[in-house]
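Each of the next two complexes has chain A plus one more chain, namely chain B in the first and chain C in the second.
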Partner chain A sequence: MTTAIARFRQSFPGQHATSDVLAVRLPILLLLALPLLAPTLFPTSRLVSLAVTASIYVIVANGLHVVFSYNGQLSLAHTTLWGLGAYSAGLLLVHYDLPIALLIPAAGLTAALGAVLIGIPAFRTSGFSFAIVTFAAAEILRLIGNDWTRLTHGGRGITIDLFTAPTALGPIKFDTFNHLANFYYLTLAFAYVSIAGIWAIRNSSLGRTFIAIKENEQLARSLGINVYFHKLLAFAVSGFYAGVAGVLFLYHQKHIDPGQLSPFNALNSIQFLLMILIGGRASTLGPVIGAIVVVFGPEVVNSIFGNILTPTRAQIVFGSTLALSVLTAPNGIAGQTRDGFNTFVAVTRRSRERGRSWPVSMLIGLGYSFWPRAAQRHGINVRPEREP
Partner chain B sequence: MPSFLSVRRLSKHYSGVHALQGIDLEIEEGKVLGLVGPNGSGKTTLFNCLTGFTRATAGHVVWCGDDITFLAPDQIARKGVVRTFQQKMVFPQSTVRENVEMAWQARRADGSHHILGGCDDVMRFLGLSPVEGTLAADIPFGFARKLGLGLALAARPRLLLLDEPAAGLNLDETRELGSLIGRISGELGMTVCVIEHDMELIMSISERIVVLDAGQKIAEGQPDQIANDPNVIAVYLGEKFAKRRAAQ
Partner chain C sequence: MTSGLLRFIAAPAIPCYNLPHQRGANHNEPQAAAPGLRLFEREGRVPHDLVVFLQQLFNALRISGIYALVALGITVIFGLTGIVKFSIGQLITLGAFLAFAMSDNGRLPFLLAVPLAALSVAALSLLLERFVFRATIHTPINGFIVSLGLILVLQNIMVEGWGTTAHFIPPVLSKTWVVGGVHMPANDWLIIWITAGLIASLLLILRTTKYGRAMRACAEDREAAALMGIPVGIVIACTFALGGGLAGIAGGLLGSINTINVYLGQSYLLKGFAVALVGGLGNIEGAVIAAVLVGLTETMAAGYLSHPEWRDGYTFGLMIIVLLIRPTGLFRAQGQLQQTLQ
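What follows is the complex of A and B.
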C-alpha cells in the first residue's frame, strides 16, 4: 500500500507532496462524475439532448486527439469518418435490422477501415499536404454519399424509424423519445470509455511511439520505428472512435444525409480541431473540455445576453470569446488551469516560507495563478506546459 | 564467411552532383572506424545511404550477408545498424527518461542477451541519470549530444554510426566523448563508425580511418598512415596540422 502511494506520488510532478496529489486528482475525478447528474439537473430535455451531443463530440474529439495531438497529423477527414460510421450503421439497420450491440462494433470497424484506406495514400505525404489529401478523401466520400443513390439513398439520406428499429439493450430501453436519459447514459458510458482509452494509449508504449513520431519522425525511423504503420494505426484507432460516435449520432438524430449540416461534411472537421485547441492539446481531458465549451458555450451566452442580443449577435460574442481564449491560453483551458494551479501552489509555498500567514499567502498565490508568467519573472518555475 | 558490413561501388548522384562516386568500404566487426573529409565530401550522404534515408543511385550495401541497399530506415535499424544525427538528435518535448524508453521499446529484444539490461543502464552508462526527469529541450547541449548517443545505444545496435558526435562540444566534453566511444566499443562490444572533424579525437579513438573527398575514397589506413599521407594533408588536414603533429 505504501509503495502504491509512493508510486502515485512520483507520478505527479516532483515538486508536490501527497496532499497536493489528492488536491488535484480528487476534484478532477469529481468533475468527471458530474455529467452523471445531468438528466436530474437539467430542467429541459433540450439540454439533456445537448448533453448527448456533447458526449458524442467528446468521443469524436478524443479520437482526433490521438491523431492530431499525439501523432501530430492534421486530419480533416474526421467528420467524414464519423459520417461513415453513421451511414454504415444506418444501412445495416435499414437492411438487416441489427441490434445496436452489433452496430457499434460494425460501424467502428467500418470507419477504422475507411481511415486505413484514406491513410494508405495520405500518409505518403505529411504536414499540410496530408491535411489536403484527407480533405479530398472526405469530399470523395461525401460525393459517394450524395450520388451513389442505390447504395446510400442519395441526397434523401437515411431515416431510421425508432418505433420499429431495435432500441433496447437487454431490458434497458433507450429510444430518444421516451427514454432520453437512458440514451444519454449510454452515450456517456461510451464517452467515459473513450477517455479511458486515450488515457491508456497516452500511458502505453504505443502512445509514446506516436508522440516520438510527432516530435521527430526521422529520429523515430532511425531507431527502428515503422512510422508509416504507426501513423496508420493511430488513424485507424481514431476512425474507430468516430465510427462508434456515428452510431450514437444516428440514433440521436434518427436521420443522416450528406448535406451541409450532416457529419458527412469535411468542413465540420474544423470544429473538432477547435475543441482540441480550446480544451488543450497537451492534456488528456482537453478535448472533453473543448467539446463541452463548444456545445454549451452558446447556451451560456444566450442565457446571459439573450434578452439584449439577437441570436446572431450572441453567436458573434461567443465566437470572439473563443478567439480570445485561444489567444490568451495557447495551451488550452486545461493547460492554463494546470499552469495556474501549479503557480498557485508554488507561490503560496514561497510566501509561507517567507513568514506570511496562510490567508495572505493564498491570496497572493491566487493572484499569481491567473498570470503564471509574472510568477516566472520572480523565479518561480512551474513545470513548463508541454505537448502530450 | 560474410563480412560485417561492406559497401560495394556505392554511388549517389543528385541531378548532376556526384555526392558519392563508387565507394568501396569494409567495416570490420568490433573495430572503431573513423570517416573524415572536407565538407561536402559525401560523409553524411554515405551514412544516409547505409541507413536507408537516401536511396543510392548505384552499388550495394551488404550487411552480414544481406543486401540492405533498398531497405527502409526502420528495417535497417531493426537489423542492428543505428545512426545518430548532427542536428535534431532528441525528442525535445519528452523527458530524458521518456526519450530513452521510446528508443528502447522501438526495437524488440532479439533473444540475444544484451549487456545493457534496460533504460537505467543506458542512462547510467552515459551519466544521464541526474537529468532523467528533465525535458530534453531544457538540458544543456552537452547532455543533449549524449542523449542522442543514448537513443542510439538504447536501440541496441551491432553497428553504431555516429555523425559528428563532438560538434559543438567543448574540450572536456570532447575528451569525455572520446572515452565514451572507447567504452562503447570495448565494454558494449559494438562496432562504431564515426564521422568527425576533430582530428585529435578521431586519431585517438579510431583503429582505421577512411578519408573521403568529392565523393571518392582517397585514403584508408591506420591513423598514423593517414596523418602522414601527403594527399590527405593536401586536401583536408593542411600543412599546419602535419607540422604540429611532426613537432609532437
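What follows is the complex of A and C.
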C-alpha cells in the first residue's frame, strides 16, 4: 500500500511530459467512463438520443483524426464515406435482411474500399489539390446516390423499418424505439473501441510513420517509408471508421438520402474538422471533446438562456469558433487544458522552491495556468514534449 | 458514346435545357419576335444536328464566362497568398442575393444592382482579409481551415436572413433571337458580353497597370517585392477585394439565369475550383482557357451522352483525369507553389 502511494507520488508530473504519468491518466480514464452512466443520468430519451449521436460523431471524427491529424491530409470526402457505409448497410438490409453483426464489418470494409478507390487517384496530388479532389470524388459519389436510381433508390433515399428489420444481436435487442439504452451502449462500445484504436495507432510504429509523413514527406521518403502506401492505409482506416459509424447512424436515423441537406454532404466534413480542431488536433481525445461540445454545447446554452440557439445560429457560432480556434488556440481545448495544467504544475513547483507556502504557490500557479504564455515569458517550459 | 449519338440521331428530343423544343418554340415556323435576324430563309438548309451543336456551343459560352469569373477570383487569391479561399462559394450566393434584394420589385435596375452587389461583396471580402486572413498569411493551410469555418458562418447567416426558399430575378432582356434555328436569348448575350468584357479588362489590368505588375511581383516573391517598395499588404487586400468582387458579379449574373437559393454557391464553387485546378492554380490565362474547356465538356457531355443528370460528374471526372496526368494543371501553376498542407 505504502509503495503504491509512493509510486503514485513519484508519478506526479514534474518537468517532464505530463500526459504519460498515472496521476494524469487516472482522472482522464475516470472521466471517460462517465458516459456509461448517461442513460441513468439523463432524464429524457431525447438526451439519450443526443448521446447516441455524439457517440456516432466520435467514431466518424476519430476516423478523420487519423487521416487529418496524424497523416496531415485534409479529406473532404469523409462524410461521403460515412454515407457510403450507411448506404451499403441500408441496401444489404433492404435486400438481404442481414443482421447487424454482419452489416458492420461489411459497411466498414465497403467504406474502406471506397476510401482506397478515391485515394488511389487523389494521393497523386497533395495539399489543397488533395482536398479538392476528394471533394470532387465525394460529389461524384453523391451523384451516384442521387441518379443511379436502380441501385440506390435515388432521391427517395433508403428507409428501414425497424419493426421488421433484424435489430437483435443474440438475446439483446437494439431497436431505438423500445431499447434506446441498449442501442446507446452498442454505439458507446464502438466509440470506445474507436478511441482505443486510434490510441493504439498513435502509440505504434504505424502512427509514428503517419506523423513522420505529416511532418516532412520528403524526409520520410528518404528514410525508405512508402509514403503513398501509408497515406492510402490511413485513408482506408478512416474510411473503415466512417463506414462502421454509418451503420449505427442508419439504425439511429432510420432514413438516409443523398440530398443537399443530408449529413453526408461533402461540405458537412467541415463539421468533423471543426470537432477535431475545437477538441484539439494534437490529442487522442481531441475528437471526443469536440463531438461532445458540438452535440451538447447548444443544448447547454439553450437550457440556460431559453432556446436562443437554433441549429442555424449554433452553426454560425461553431463556424466562428473554428476560425477563432485556428487563429488563437491551434491545439484546441485539449491543448489549452494541457498547457494550462503544465503551467500550473511548473509554476507551483518553482514557487515552492522559492520558499512560498503551498496555498500561495498554488494560487499563483492557478493564476498563470490561464495564461501559459506569461509563464513562458518567465522562462518556464510549458510544453516539454513536442506536440505530435 | 456511340449509342448516345445514335439515340440522338434517331430521336432528337434530347433532354437538355435551353433546347428549342423546350423553349416552347417550334423552330420550323418563322419567328415573329425577330424576323430580321434570321440568317437562313428556310430552316431545312441547316442540318438539325448542327443546330443542336451550335445551341450547345452557345450554352457552353454562357456558362464558361461565369466559371471563368469564379475561377479567376480563386486563382488570383491563391497565386498571391497561397490561400485556397473555399468560402468564395458563399460570396457567390451573397452576390446573387444582394442583387436580388436590390433589384426586387423594380427598386433598382438589374444592371445597377449587380455592380452594387459586387462592390458590397468586395467590401466584405476586404474586411475578412483585414481581420481574418491577414493573420494566416504565413500558414496558408490555416487560411484554408478558417475559410471552411467562414463557410458555416456566411451560409447560416444567409439562411437566417433569407430562408431556404428559391427566388428568381426576371431577365433584363426578354427577347430571344433565332439565328438558323439556334435560340439565343438576348439576356444570355448580355451576360456573355459582360463576362467577356470583365475578363478582357482584368487580363489587361493585370498585364499593363501598376497594380497588375505589383500583384505579379508579389506572387513571384513577396519578400523581394516588399524590398522593392511594393506595399504588399495593400496589394493583398486589393486582390482579396478583387476576388470577392468577381464572385459577387458571378453570383449576380447567375441570378438572372438560375433560380437562386442559399445553396447556389456550393456547386459553382466546386466548378470554379475544377476550372482553377485544370488551368493550373495561380495561372490567370490558364483559368480562362480551362473555363471554356470545362463549360464545353459539361454542356456537350450533357447534350450528347445519354445521361444529362450526370453533367457535374463529367466535369469532376475531367478534373480528376487532368490532375492525374498533370498534377499542376494543364498550364503551369504560377505564384506561390507551396501546395503542401503544412
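The criterion applied here is as follows: the second predicted complex is superposed on the first by the 341 of 388 C-alpha atoms of A that agree within 3 Å, B and C clash if a C-alpha of one lies under 4 Å from a C-alpha of the other, contacts with A are read in each partner's own complex, and residues count from 1 in each chain.
Definition applied: a residue touches a chain if its C-beta (ideal position, glycine included) is under 8 Å from a C-beta of that chain, and two chains touch if they have at least 3 such contacts.
Please read all numbers here as calculations on a predicted model, not as lab measurements.
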{"item": "Partner chain in contact with A:309 - chain B first, chain C second, else both or neither", "value": "neither"}
{"item": "More chain A residues in contact - chain B or chain C", "value": "C"}
{"item": "Which superposed partner A:109 touches (first chain B, second chain C, both, neither)", "value": "neither"}
{"item": "Touching partner for A:209 - first (chain B), second (chain C), both, neither", "value": "first"}
{"item": "First, second, both or neither for A:92, with chain B first and chain C second", "value": "neither"}
{"item": "Partner chain(s) touched by A:47 [first = chain B, second = chain C, both, neither]", "value": "neither"}
{"item": "Contacts of A:227 with chain B and chain C, given as first, second, both or neither", "value": "first"}
{"item": "Which superposed partner A:366 touches (first chain B, second chain C, both, neither)", "value": "neither"}
{"item": "Chain B versus chain C as contact partner of A:132, first or second or both or neither", "value": "second"}
{"item": "Set intersection of chain A contacts, chain C complex versus chain B complex", "value": "215"}
{"item": "Complex contact set, residues of chain C against chain A", "value": "78, 84, 132, 135-136, 140-142, 144-146, 148-153, 155-157, 159-160, 263, 266, 270, 273-274, 277, 281, 307, 309-310, 312-313, 316-317, 319-320, 323-324, 327, 339-342"}
{"item": "In the complex, chain A residues that touch chain B", "value": "14, 205, 208-209, 211-212, 215-216, 218-227, 384, 386-387"}
{"item": "Interfacial residue positions of chain B with respect to chain A in the complex", "value": "51, 53, 72-74, 77-78, 82-85, 88-94, 98, 101-103, 105-107, 133, 135, 138, 151-152, 154-155"}
{"item": "Contacting residues of chain A [partner chain C, same complex]", "value": "72-74, 121-122, 124-133, 135-137, 139-140, 143, 146-147, 214-215, 217, 260, 267, 270, 273-274, 277, 312-313, 315-316, 318-323, 326-327, 330"}
